[in-house]
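Below are structures written as structure tokens.
In what follows, chain A forms one complex with chain B and a second complex with chain C.
Moving on to the complex of A and B:
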């Protein structure tokens, strides 16, 4: 798998940094970190599906929403324990992942992106119409059981979740499966020609992505304690997830972490100057410029900068 | 029954007008311009600003909206589409990002709340007890006029025939001495102008809101995907399928289900018949 000592050192330092953070920063900043952590989880989930295989999903909230809604409905309407509701939500989300997989067996590229967008919009409209007594209709739900109290607990909890998901996806993508998934993104028929089952590989990627999305969605809703269809199945939410991955660097795991942190804090620091949705103007502008200039994201900028430094020092 | 027919005709005419600009771009180069809805949003807002804030004559305001749309189209082509050199997914992602940026820009300038646009033409006529606003009537009639003149433009003029050639085979067209870049730019400009015009009518049909670009985008996507053709006549046909389906769903089943069938149709057609109902054709 090409593991080196500095990989472990880097992950270890990252974990220590996360553990020490509440000692350093204020509670307000910690709350921002919690949101960043959940965005990292969603971004990793998107990256697992789209970053490697090239099947761009514009409807990722479809999966996140299934996880969030299932867990919220089970705990609030049926009084099932959270410990049981979240695993069920994850399984249901993985079934949702199979639904997304179906079109991917036949179409790719732009058309797949559009189907996922249609899935999300369909979900948004259906959630409001079908059984509003369960889903809460247009207004959504509130008063959902929360798992943690206070910023510090919430931060440790979400950081732990994010760290586990990040490091396991990182390991996963360094295995031969990860390489095969990258190959699908480059040339699908070549992968098929080398005797690998493309369908199985795609199914694996979609299941892994749905697993992470369901986990993230369910825990997120139990952190917030409420959910609203318009905030969840929103094209701005898709945009935030995709931009977090692309700005950081797709298919690197470290990229989405950098991207999500960068974006959440950019939005947060813009808040005093621009209170409303205007912030997306600067945020999207930066994302667009960066994407046009370096589609591989900040991670690629850092690595190329590092290489240039090394070359200079050798000379 | 008659009411469904009339409402369906009116809505379909509006949808055809909205979708035709999107179709143009799709037929040339098979690019899905996901920022297309932004033309409609900006067109509507420019019209609102010119006619209701400054008080210019309505026709001048429509013209300003269209000119703005044309400029937007040209800038989008020069700054985003050309540098990305036919990388479809990258173009789609960056146009989508651009649409969100523009939405934020509109919030910045005009505020978050939705605005009611005064009808472009006042008055109501009753056809079989069904109220039909002149506004919708004008939108439908101008949609037909625009589509037919666009059809003639593409069939008869030199630049139109060059567009046809590029949509058939870009390299072949280049060998024949057509500059694909120039033709593409004209197409993007046309698409922007048509989008802005569609936006003025769409905004007066619903209302003006910063997030109004998503709905028409999905309608345009549905029309292009379900038809599977980048042709103008095809757009007209499929716009009527989608429009009538929506009207029937709203009046027979429930208004909340309005978009459900459109989404379902997109998914079904893409999964079962990715080439579209009518197969591919040129313009």
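Moving on to the complex of A and C:
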């Protein structure tokens, strides 16, 4: 797997940093970090599928929504314990996503993106039409059981979840499966031509992505305590996820972490100046800058900077 | 002797064009056969049908006695046939050893996750095809055409297939590289691989094969030992007006 001492050091420092953060920053900033943590989870979920295989999903809120709605409905409407509701929600996300999106994996490029986008919109319509007594229709749901109280508690909880997901995904992608998924993104037919079933691999990437999305969605709804369909099934939300991955650097795990943190705080500080749709200018601007100067994102900027420093110190 | 590959009444049409026209031939296990013909004769199309990248219009392809039917490419490779491409298809952003790693992977998600790569095997294959140790960690995008062909050969062999289809193996290579690839192919023959080789470079092809099949417009026009076939009237006529 090519593990080195500095990998452990980096993850260790990251964990320590998270543990110490509540001592350093204000409660308000900590709340922003909680949102950042969930965005990291969604970004990793997106990266597992799209960052690796090149199948760009515009429908991730669809998966996150299945996880969130399932757990919210099970706990609030049926009185099921949250410890049971969340695992069920994750499984339902994987199955639901599989049934609906798998046919879409047969199509490539912009069509895949369009189909996933359509599913997100479809989900928005469905929660309003089908059993609004369960889903809460357009108004959504509130009074959903929360798992943590206060900013510090919520921060530790979401950090732990994010850390476990990040390090497991990172380990997973350092195995041969990571190489195979990257290869799909580079040349799908050559992967098939190496004797590997591309369908099986894409299905795996999809399941891993849905697993993380379902888990993140379910925990997120039990953090917020409410669910608003218009905010969830929103193109703005998809863009936030995708831009977070792209800023940080797709296909790296570290990238989505950096990107989600950066983007959350950027938007937080710019909030007074950006009441609404102006966000799109930020997204567009960032995407353009990245495209022109460093398509591989901040993480690549950091690593190439590091290499330059090392080369200098050698000389 | 068992038949490694058997092609019966193979037909492939593209709209009005018949690219493979009722083709029949077979290759005994361990033999090396040349497939020649002018540009557009239908050589690559035959490869694509054997691999299942193109589905034949009619006819039958069997590998070691098993009808390949409509099996997907990955399954055919597991049954023992693999190919290289006229224009190599590497994973440009992956390193040389990672490219070979993809070829060596078993088609099992579980084993991909729990078992690490076999670095010894990867490097051994890379050296066998003549790649330099200094290139192992280089991304494929930095390789020369000759090295790309070697890399593709390594990935193809890595799949474990014993029947190899080599398309235009010498195209775009220097004389030195041609010699290297030739001796590599001789090694493969010695190891008992079954080979079907397409090449426009007939002098380079001659020492590598047991016999040759010449096709034109998807039909066999001559078959037999190399000298007889290249001196055949219809073969000479088919190549006329075309640089070989």
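Basically, the second predicted complex is superposed on the first by the 293 of 315 C-alpha atoms of A that agree within 3 Å, B and C clash if a C-alpha of one lies under 4 Å from a C-alpha of the other, contacts with A are read in each partner's own complex, and residues count from 1 in each chain.
Note that a contact is a pair of C-beta atoms (placed from the backbone, for glycine too) under 8 Å apart; a residue touches a chain by one contact, two chains touch by 3 or more.
Quick caveat, the model's predicted, so the values are computed rather than measured.
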| item | value |
| --- | --- |
| Larger contact residue set on chain A - chain B or chain C | B |
| A:288 touches, of chain B and chain C: first, second, both or neither? | first |
| Touching partner for A:197 - first (chain B), second (chain C), both, neither | second |
| Partner chain(s) touched by A:180 [first = chain B, second = chain C, both, neither] | second |
| Partner chain(s) touched by A:81 [first = chain B, second = chain C, both, neither] | neither |
| On chain A, positions contacted by chain B and by chain C | none |
| For the chain A and chain C complex, residues of the former touching the latter | 1, 172, 175-177, 179-180, 182-183, 186-187, 189-198, 200-201, 204 |
| Residue numbers on chain C that touch chain A, as the complex places them | 51, 53, 72-75, 77-78, 82-83, 89-94, 98, 101-103, 105, 107, 109, 112-117, 155, 158-161 |
| Residues of chain A defined as touching chain B within the complex | 54, 56, 58, 102-103, 106-107, 109-111, 113-115, 117-119, 121-122, 125-126, 128-129, 235-236, 239, 242-243, 246, 274, 276-281, 283-285, 287-288, 291-292, 295 |
| Of chain B, residues touching chain A in the complex | 30, 32, 80, 83-84, 88-90, 92-94, 96-98, 100-101, 103-105, 107-108, 112, 210, 214, 218, 221, 225, 254, 256-260, 263-264, 266-267, 270-271, 274 |
